[in-house]
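Working notes, structure below.
We call the chains A, B, C, D, E and F, going by the order they appear; numbering starts again at 1 in every chain.
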Amino acid sequence: MAEVNLLAESVKFMLLGMGVVYLFLYIVILAVKLQAYLINKYFPETTPASTAKKPAPSRTDEDEKARIAAIVAAVNEFCKNKS
Amino acid sequence: MRIKQLLISLFFALFALTTMVQASGNPAPSGEATEQSSEEHVYKSKSMAELANSFWKTTGINAILDTKDGEMTSEPAGHDAERPMTAFESSLGRIIMILIVFLLFYLAIAKGFEPLLLLPIAFGGLLANIPLAHMAGEHGMLGIIYNMGIANEFFPLLIFMGVGAMTDFGPLLANPKTALLGGAAQFGIFGSLVGAVLIGFDLQQASAISIIGGADGPTSIFIANRLAPDMLGAIAVAAYSYMALVPVIQPPIMKALTTKEERQIKMGVQRKVHRLEKLVFPIVVLVFSILILPESTPLIGAFALGNFFKESGVVDRLSDTMQNALINIVTIFLGLGVGSKLAADKFLVLETMGIMVIGLLAFSAGTAAGVIMAKIMNKFSKEPINPLIGAAGVSAVPMAARVVNKVGMDAKPGNILLMHAMGPNVAGVIGSAVAAGVLLSIFK
Amino acid sequence: MRIKQLLISLFFALFALTTMVQASGNPAPSGEATEQSSEEHVYKSKSMAELANSFWKTTGINAILDTKDGEMTSEPAGHDAERPMTAFESSLGRIIMILIVFLLFYLAIAKGFEPLLLLPIAFGGLLANIPLAHMAGEHGMLGIIYNMGIANEFFPLLIFMGVGAMTDFGPLLANPKTALLGGAAQFGIFGSLVGAVLIGFDLQQASAISIIGGADGPTSIFIANRLAPDMLGAIAVAAYSYMALVPVIQPPIMKALTTKEERQIKMGVQRKVHRLEKLVFPIVVLVFSILILPESTPLIGAFALGNFFKESGVVDRLSDTMQNALINIVTIFLGLGVGSKLAADKFLVLETMGIMVIGLLAFSAGTAAGVIMAKIMNKFSKEPINPLIGAAGVSAVPMAARVVNKVGMDAKPGNILLMHAMGPNVAGVIGSAVAAGVLLSIFK
Amino acid sequence: MRIKQLLISLFFALFALTTMVQASGNPAPSGEATEQSSEEHVYKSKSMAELANSFWKTTGINAILDTKDGEMTSEPAGHDAERPMTAFESSLGRIIMILIVFLLFYLAIAKGFEPLLLLPIAFGGLLANIPLAHMAGEHGMLGIIYNMGIANEFFPLLIFMGVGAMTDFGPLLANPKTALLGGAAQFGIFGSLVGAVLIGFDLQQASAISIIGGADGPTSIFIANRLAPDMLGAIAVAAYSYMALVPVIQPPIMKALTTKEERQIKMGVQRKVHRLEKLVFPIVVLVFSILILPESTPLIGAFALGNFFKESGVVDRLSDTMQNALINIVTIFLGLGVGSKLAADKFLVLETMGIMVIGLLAFSAGTAAGVIMAKIMNKFSKEPINPLIGAAGVSAVPMAARVVNKVGMDAKPGNILLMHAMGPNVAGVIGSAVAAGVLLSIFK
Amino acid sequence: MAEVNLLAESVKFMLLGMGVVYLFLYIVILAVKLQAYLINKYFPETTPASTAKKPAPSRTDEDEKARIAAIVAAVNEFCKNKS
Amino acid sequence: MAEVNLLAESVKFMLLGMGVVYLFLYIVILAVKLQAYLINKYFPETTPASTAKKPAPSRTDEDEKARIAAIVAAVNEFCKNKS
């Protein structure tokens, strides 16, 4: 009888375990998609921001605000449309 | 030459001086020291025959033949943990273990089965079964190594760091949904947990054994050490043996679960992944594991550390060292330390048979679950997914991905699945670490 | 193939035999073992909801949100040293620290600020702030590393050994009086000591903090660990951060204290230094430090060891290893170990603000003192001395010397000061070690 | 740039926040901490003269001149093992030791005498004789190293592992009977054991000293550490010094015991050895040492491990690491750790003179016995055996074999004996390990 | 007198030690000769069995039995003739 | 008042510390000058003594004595003239 009990417990472990694994990976997938979207939009490979030695000279405060607004809009859009 | 002569004369002059000073100035301490030494080293005269006889008593032949000599087991935790060996353990058991070690040598060298770890483990097993030498004891070479990095789980983490520095997450980032295949394959862990309970292991032991299904050496050693240290040797040997046997175990299962048409599915070219994506990814994974499952952070943290250092591109010295000198040194030590658990008194127990059976079950179940999940995803996905790549979800990096590629090529020449299989393959490593974290959190 | 089959049959035959022998011969111990295991592993049945709930309790989200969970701090010294975390430390504090870590990542990777040490330190800080995992505790990865080589000051000495093996004293030997510039720059240490006392630190703490002015990582860690181990994290982070910021901090000070004419001074070609001079030099320095200041000999001894091995030319194997595999491994460990002190409960204290301020002061004072000393020497010297090279006396090898070179080139194209600045630069290392020895001898 | 500014603002904002939270939320612990610190760090005000005076007390000059300062010896085993130094030990003794260290430097660098070990040992000796620094004490750099790998005999085994991975048993396998020459040369051990007893050492000390005759560094250190740890420094220095002096010690003995005709004997070309023979050999030797002499298995096991890994050909990563990064790191540490026993209070005792004399006797006796044995074998062998190769049986790999080759070439140009001498040379390593096992088994 | 005793003991040690060393090396020599004989007979260098990718196609069960018989005979012969 | 005290102490530390640092480096400078002088005089770079495989054949005991006398004289001279 103790054994039957253990079996039930182990099945519960399986449910919890597989659930957490899937949950975790699913969240990671979403995050990866989001980061890919953002990075490729705002740091296109041709001029990767983090290694850029010369930031584009035309960028002004106005540009910057527009850019931030665009990012916020993009994230919203992405969250709605994520497949 | 003259200078040399001068120096040598000086040397001897100094010695002579020293001697005089000592002889005159402070005879007491010197005499005392000698006295102490002679006190310590009492030696009873023995006839030549007695000497030969007492030598015979220290031979390995006598130790193996005389099963009533009361030899103790070797325990890295020290003398308190020792117990007298049984007659079987101190004689036939040792011989059996040494033959098993030779079999592992054969598999590693002639068959090329994961030699980088099987060879050190097997050699550790050979040394651990030497009578009287107590090499696996607290003061023996293996015991020192065990206490240095296995008892405290340090070495598996260092290995994971190096593996992280060798891993390229590009294929996973290019096609992130294949991570789900690395999740499905964790059924190898949790399914075999149920199996292990069925054949009589308790829950904690069953959990330790089932981690073999993660197909990931350091994770297995880390968890086994936490949940069932007595079974460490068998679990590690099973994990590495079955990882080595992946090319034998997986293909029949993969073929049984897929149609020829499915195996022939070609997958598109992967998109190029941005350098920043690779850089940010290990941190993203680590942050989620912090939020959801802190118990998995030693493993995922070490892995992310290695990967982050590599992708940062600014600490190549350190990343190279992690991938070479450090991981090689630790691999030698890890293997030897794990091998110390192949002592007959620890390995030749009934549980070992069960561990071997469950381990095989775990690999098979993981493979099957991965393939089935891939079939399901193929049904619902816009782009075609070859179900074979699900088999790579068990990890066993990069062996399983290569097997997928080979089976794909057999079904249709030119059907190169390698990079597509690498995604589930590395996701399987993360998945196993998460599964390990769940098991640890249950028994905390 | 036949041999393999034979061996495998043998393997299974042995197993079967084992099983029978065990089953018949000694059932008692085996049974006992099983019993023991089941005794140990008591597990209370839980419903699925209970299980999910108890899992929730082990998540990081819950640990951060529930500030009254009584989580203890992680201390490498063991459980006795632990104390319950405050609500701030276990929630917002951790988040702040993780953001600071991300800032350090950014500075190390995107800005190239001393990545070889900032990156490991920052990653160690990230791991140290993970809830529940206790990675900085006695049995965690960081705690193991900390106890292995930081608590006993072993790692900083190994780093110093490697740095010694990478250092060329040629420029100093060619123009020995520039050593005085390396002495003047130690005003950065002693001036900021006064400053630290002024803002409220006690004498011992002030001494530990002021060593940041030595601009030398291993020396800072060595001293901080002796005089104020609680502040180790902040001191090390300050030292390495400001060393990374040398190209930002020094030039304005250098320009403010010199005229354009002074900066344009060209210095002559250095004489060729004899191989024997380089060989004898580390021994000479060590002998004087033995005679005058034995407290400094761990640092100077390790440094001289590395340099002597390199210059000897007969142990290139060992010298290469010191400069590569060994220093890289130790750098990874040192960084992680120091990073463990970036835990919120240790770093987010008022003292840290003070340390950051004093550290900046120390760098500035050292630079200024070096430049002023060089101006004085230029007045009294036959050969012209460009006052800029005094700034290199703070050490921060070789960054400070490069900054001197750049500022000199800016003042007059072709005015290459690099080799002339290397003299004060390496003298600054010795000077800091001497200053460290003085501080240690005071508090002995 | 904007992002950077943003991050820096964030950083400072966070700091400010932290400060406020701390100031308001939990003043108690913070205050307590400060209080504790000030409690600990009591500092009595001193006038400038008092300060200078107390500084003078911490100088090395004062420590050497003031022989009544009650300085304690440094012991890695901790404070209980310490004793006050005699006046001689703390003054003249130190100076003598430092001069001896300089002599060793000279021999290692200018004369090329085994610099890879003499240089680290000598530098360790220099550091160990520094007054007041206690570098050889429990918390000093040398003491840490000593406890890490010498007190537990771990480092000599790691060295042996690397040496095994560098050894080629081909010449021995091609002509196995030359192994007997490696046996005969062990008379250097057992003959000098009798000699050591004659001049007054007790049996255990005599055994520890006689192992110098094995002409094998790690074996000597391993045995000395077990049987007479107080004499470790002198034994190790003697072993390495005489190994370095092999080109000076051996040739006269070789020439005195052989005729010119014997020295001119040419030996045939060796047969080609099968890869499998080399692979199986280390295992065969290890199995016999398990059966006959388990006490020798730590040494032979480590050696066989290295050799087996190399010959397996499937773990080149690990074998390369053993031969490079690992053995180099351990060599540095082993040398420094052994050097810590060159402290005046340990080295400048009467026993050291005896050890030096017996060591020379041992090398001479081993050489003579090897040559005589080779002469006997030449009489009874079908193929001619040049008696010179017997001298290589003392081991001192590969120096002794090179000396044999040179003496052979002197007798007859073109008489290349190098490969023939390598057989006895490596057999001598095994022979010494066996002899070491016999000595250990006697005193067990 | 104690010293004379020690001397006698040390001579006994010498006899035991040199005896064991010679015994050990002599056994190793025999084993090396045997292994050389066996390896070169059954795994000749041209086709080393352990690395052979393609085992000779003509080898049948009959061959195998003959082979084993030959090994046994060879070992016996070797043991008799060993020099 | 305690603070003033600490300040005074810290200034004393500064005096002691800077003094010792300068003293140390000054002695090192003197030693370096002396060693440069001696080494370049007696082991000129063209035939560095420590690596010389063939010592000059003409060197006799007389030479040696003269050499030592010269070294002693040179050191004395150096000590007087050191700048």
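Assorted remarks:
By our rule, a contact is a pair of C-beta atoms (placed from the backbone, for glycine too) under 8 Å apart; a residue touches a chain by one contact, two chains touch by 3 or more.
Note that the coordinates shown come from a computational prediction; the quantities given were computed from them, not determined experimentally.
Think of each touching pair as a link: the shortest run of links from subunit E to subunit F has 2 of them. Taking each chain's centre as the mean of its CA atoms, E is the chain most distant from subunit C. At the interface between subunit C and subunit D, two copies of one sequence, fewer than half of the residue numbers in use are shared by both copies. Comparing chain pairs D-F and B-D by the number of C-beta pairs in contact, the larger count belongs to B-D.
Distance between chain centres (mean CA atoms), subunit A to subunit D: 56 Å. In whole angstrom, the spacing between the mean C-alpha positions of subunit A and subunit C is 34. Counting partners per residue, subunit A has 9, 13, 16, 20, 50 as the residues that reach two or more other chains. For subunit B, residues touching at least two other chains, in rising order: 43, 51, 55, 109, 202-203, 292-293, 325, 438, 442.
Interface residues of subunit C facing subunit D in the complex, by the touch rule stated above, are 83, 86-88, 92-93, 96, 99-100, 103, 106, 111, 152-154, 157, 202-205, 228, 230, 279, 283, 286, 290-295, 297-298, 301-302, 305, 308-309, 312-315, 317-318, 320-322, 325-326, 348-350, 353, 438, 441-444. Residues 43, 45-46, 48, 51-52, 55, 109-110 of subunit D touch subunit F in their complex.
Within the complex formed with subunit D, the subunit B residues making contact are 4, 7-8, 10-11, 14-15, 17-19, 21-23, 25-26, 29-30, 33, 37-38, 40-41, 43, 51, 54-55, 58-61, 63-64, 102, 105, 108-109, 112, 115-116, 119-120, 123, 126-127, 130-133, 135, 139-141, 144, 324-325, 328-329, 331-332.
Residues of subunit F that touch subunit D in their complex: 5, 8-9, 12-13, 15-16, 20, 50-51. Here subunit C touches subunit F in the complex through residues 172-173, 176-177, 179-180, 182-183, 186-187, 189-191, 193-194, 196-198, 200, 202-203, 206-207, 272-277, 279-281, 284-285, 288-289, 292-293, 427, 430-431, 434-435, 438-439, 442, going by the rule given at the top.
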